[in-house]
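See the structures that follow.
Each of the two complexes below includes chain A, the first together with chain B, the second together with chain C.
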Partner chain A sequence: MLLGIRRLEGDCIVDITKHELVPKHEILKDAEKKAVLEKYGVTESQLPKIRSSDPVIEMIGAVPGQVIKITRKSQTAGEADYFRLVVK
Partner chain B sequence: MVSRIKGISFSILTPEDVKSLAAVRIVTSDLYDVDGYPVEGGVMDPRLGVVDPGLHCRTCGAGIGDCPGHFGYLELAKPVVNILYTKAIYKMLKISCTKCGKILSKPEDKKASKELGRNPPSKCPHCGAEQGKIKFLKPNTFYEEKEELSPQEIRERFEAIPEDELKRVGFKGGRPESMILTLFPVSPVTTRPSITLESGEKSEDDLTHKLVDIVRINQSLRENIDIGAPDFIIKDLWELLQYHVTTYFDNELTGIPQARHRSGRPLKGMIQRMKGKEGRIRGNLLGKRVNFSARTVISPDPRISINEVGVPDVIAKELTIEVPVTKLSINHIKELIRSGKANYAKRPDGRRIKVTDDNKEELIENITSDWIIDRQLTDSDIVLFNRQPSLHRPSIMAHRVRVMPGKTFRISPQVCPPYNADFDGDEMNLHALQTEESRVEASELIDVKNNIISPRFGGPLIGLDLDQISGMYLLTHGDVKVSRKETANLFGRAGIDIDLPDGRKEFTGKEIFSLLLPRGLNMDFKANCCKQCDKCIGDACKFDSYVKIKDGHLLQGAIDSSAVGALKGKIISKLHGIVETEEIKNFIDNAGRLAVAFIARRGFSIGISDLDLPEETLVKVKKRVDLAEKHSNDLIEKYNAGEIRILPGMTKSESLESQILNVLAEGLNSVSEIVKENIKDSDILTMTNSGSKGSLINATQMAACVGQEAILGQRIKRGFFNRTLPHFRKGDLSAAGHGFVKNGFKQELSPTELFWNIMNGREGLMDKSLRTRKSGYMQRRLVNALQDLRVTTSLSVKNSNGEIVQFKAGEDGVDPAKVQWSDKE
Partner chain C sequence: MKGKRMFSPEEAIGVVAAQSLSEPATQMTMRTYHFAGTAGIQVTLGLPRIIEIFDARKELATPTMEIHLDKDHQTVEKAKKVAENIKEVKLKDLVTADMLDMTNLEVICKLDAKLLKELELDIEKIKKAVKLKKVKVDGTGNELRVASMGVDVKNLHKLKYKLLELHMKGIKGVTQAIVNKDNGEWIINTLGSSLKKVQKIEGVDPYKTTCNSIFEILEVLGVEAARNSIINQSKYTLDEQGLHVDVRYIMLLADLMTFSGTIKAIGRYGIAGEKDSVLARAAFEETKKHLISAAIRNDEDDLSGIVENIMVNQVIPAGTGSFDLYGDIPKVPMKPAAKEKAEPIKAEKPKVEKKTEKKAEWKPKAEKKIEKKETKKPAPKKTAKKK
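Our next item is the complex of A and B:
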């Protein structure tokens, strides 16, 4: 409950996903998730993790077990994709 | 007997453990009898293990190296505390009942023992007994309400604590009374071998000395108890025993005087053996001494290749490489043995025979194809070469051996940058590779020629330097003409085997250089000597500073540091992808030698007169410096009048300082310009222009004006009260009084100016050592954190658990060493 700015009595007063410092978060479909795991040759638990209590995760309504694709700005590559597993 | 380890559990040795581990009961403090044999029942008892070669252990029968050593035990006349457990003893005393021994809380009370230890109740909840306040006086005394608790009393209390109560507070690993020693384990002799000096005298290990002390005091304590000596004598001896047992474990405790050797050197306790950089963990387990390695001073040899190393013959004779004898190699190996180039021969039964002049004929007779010989290092063997600190990958590279007379390793000065080496006494390490596989791996992966490009920034790490660049610049700048004969001489002296084009009487320097370039090289770039004109006219550059290479022919422009220099050379980096690394290596070797051959023929010298400036220029310089000083005086006047312009975020005096620094720096810049315009052409200019050494600022400082000397980026202000030196008035703010040096080195510095200069020099020195230490530690932490990350085939970065750290290495998946490099940015 970030200083009460993000939510006030359950309602969002600021859409943090619109903030310029918050990169784009998307929920992967099951098939996409499988493809990602296969591409990197990893199990779910070897992916970086993100708490389900993370403000953005709460915002986009992802649940534990889902994988989030984050499109970040990158100094070297312009844009870089990251994948994180939602936990707990 | 082979068994698999299921797990390890740590616990405190109980007296029963000590007894069952022990092979000997120690009863006397004597080490050796009159004949020099170890006394039975002494701390060097032969049943404690073998340290002398040829003998067998009285306990296990194994020889030296196989016998692990065996413990002994000593029955202490009175118990003493184990100093390593004082904290746990203190806590245990606090949380257990004085009377019934139970833990001072109800079983249903879930309060953590931590909280209990901090604030124990004054009444036992089980038996209701009043609890005295326990105090711990470091290092080893315990009090209950001003009353000292002897180790014996503590032990009795601990014995009374029921087992299930211990479980309740999480005391694992045995009984608390084991923290008070009653049986003292005497470590095996193998852990404290004695050294026989050349004089035949025996010198004992520190621990042995300590054990002798312990046994001796223990004996005298027992005797005194037996004869019923007065309490104070017994107490003194008991304390002494405690002292010796304590320092045996740890001899660096605060509050306990260090136990010392006769010479005054502190003895090494058990803890000191483990701790620190040279301790068992960091010194012996994480780092080890290696065989087949050599270390000596390095010195330069500009005539050997960058991937060679000159190895002193004495070292080459000592280092060996195993070679199996085969049907094909047997004759060669016999020849090696005959000429004394093999040190050992190993028979198939594993026996090693040293090759000597006496037995070599016999060996040659007997040798068959299942033998292995240890051959000495010879030319073209591949070895690893390293300079510490090994901060990056190219700190260890593979070189080819060249055996030479002398006592130093010889390397090409061109491989200094990756090792960060110089020749002011640096030493380097060499490792002879022992297996075929390692040699192939080394030559493919870490040969110098395959590491010319830095994996960090993609530019060349290796190139020409200093006189090599000066020579190259002199050869290629302008229209240097060299006769055919002289050209041939040049290549001859450089040791380059090349065919000169037919029918030419004369060559230009550019043509000579072009002979080293491969066909198919096309480049355009600005040389280092570029004058930075406002508008570059490229091809038409009248300073010959625009380099143009077409199909391996240098058409125009001078070759200097930005073409072939280490860390800068554009040509070197461009050659990657055009030719094989072997040829790039040859190019660097040849260019360096050619440049040196040329500069040696031409001659190259600098002198103080190269910095002479015409009279009128000196006047101009003086005027400009005086003007700068006047500007600063104006600022000071304004400041005193309170009219100084205040800069954002600064106080008045800070604004003044900043503005003074600015006007003085501005002055020095203009002086630089004047010097640049008026200095005469000399080899100093050759060096600054070509980028081989020195800069315009160095020239200005020598010829005209040194400028402001700064400490911590500020004008010099420390010194006496309100002034820097007694030569100035108190409160003086002038430039001269705060580190401004208006003379050049070539004129003369005034005494105060010299002082400023030396202050600055000292700061530089301190800064350097402080910075390297700090950054070294930062680097170490970084390396430790990152060492097991790796780039996988999917280009993702994973740690040793296979967890993904980065989905694409560097986010773009690009290897800097494999992309076209440019020094832009």
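Our next item is the complex of A and C:
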């Protein structure tokens, strides 16, 4: 969270998570993360990745190892969930 | 995608996507107009643009921005004011005449008074903007005098050119900014882009403003925004040419390109060049290079992909080829000879032993495999077809 605050007060005044192109990013709790991995039958490393230097990740203050749930507005399916693992 | 429209397990969607995209691409090469402009700005479109997107180019032929304005700036006059603040102004744009004073070793620039007023600039501001080393800046009215310290006549010319290229106002790299009306809303189209700087300019709606450089979006707004941008822009480029490709194929491609958290090109330097299998890489491009380096490194190929299996004349792991029969060994009826060996296992489950005539439960091991395959394997083939 500290990271997010620094970014808001510092050079970046714009809250990019409100941008049209940026879907909703949420950090999953450990239990939720386990459920996701079990549901899709994959290991952590098989998930798509997101960099910890990604502006949105810096904003919400996620750390490597956490899984991010992304709620996309899909053109074909209304809303779609996508998961990304935070990596360095 | 729901229910009926879903692809069947192990269907090679990558190949289908590749064909769906490369057929219109061949159509595109036959059409000559690759440029279209909105009110003076020429933008790359057509095949060159598609290649730019899928090759993940960092330097675009025509970087542009589409700047939306906030509610307080929805008139032509105000929009033009904002555009003025965005467009880059160099010193040479303001100068009507420049001279070299050889005796005093000075550069004298006569400034356009009218233009200065329009751009809300004055001599003091310009003097501040001249940030060169070993230079003495002086000026009154519409005349700017820059004296060089300890520079000979030869280098005075160099100083002049340096001076004229100096940045005075606006955003660096934005050479044009034109106000347009789009869907009842005033927007500014620019040539040259700098998303981060534009977001902070007064009057700009930072939550709608976008640019056409995917790498810039990746830096400023993150991967997910970059993915959306890849989809929007390739769809826009195709639609604009009158070609209709289902978005799902473009979505698949965009997902693949952003899989690693950054943007990877499709093709030799991106996804296709990073495949695990040596034979698959050799089959695509630069055959010798891959075979030689594999030989040097003593690489192995576990023949788990499609291309490799075609090369060695085996059933490919796609479609019906990816299913196999697997048995639950303890439950399989044993032949008399094998009975002795299997006994310790059977001893644990005496009830099963009595019903040996019951046929074994066969389990296809399909489900777990699917997820792994679909993410990476089929996709690289599309570039092979495209190039």
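In this section, the second predicted complex is superposed on the first by the 77 of 88 C-alpha atoms of A that agree within 3 Å, B and C clash if a C-alpha of one lies under 4 Å from a C-alpha of the other, contacts with A are read in each partner's own complex, and residues count from 1 in each chain.
By our rule, a residue touches a chain if its C-beta (ideal position, glycine included) is under 8 Å from a C-beta of that chain, and two chains touch if they have at least 3 such contacts.
Quick caveat, the model's predicted, so the values are computed rather than measured.
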Chain B versus chain C as contact partner of A:40, first or second or both or neither: both
Comparing the two partners chain B and chain C, which touches a greater set of residues in chain A: C
Which superposed partner A:25 touches (first chain B, second chain C, both, neither): second
Partner chain(s) touched by A:77 [first = chain B, second = chain C, both, neither]: both
Residues of chain A that lie at the interface with chain B and also at the interface with chain C: 40-42, 46, 48, 74-77
Complex contacts: residues of chain C adjacent to chain A: 1-2, 199-200, 206-208, 210, 217, 219-225, 228-229, 231, 247-248, 251, 255, 258-262, 367-368, 371-372, 375
Interface residues, chain B side, partner chain A - complex: 792, 794, 796, 798, 801-805, 807-808, 810-814
Complex contacts: residues of chain A adjacent to chain B: 39-43, 45-48, 74-77, 80-83
Complex contacts: residues of chain A adjacent to chain C: 13-14, 16, 18-23, 25, 40-42, 46, 48-51, 54-57, 70, 72, 74-77, 84, 87
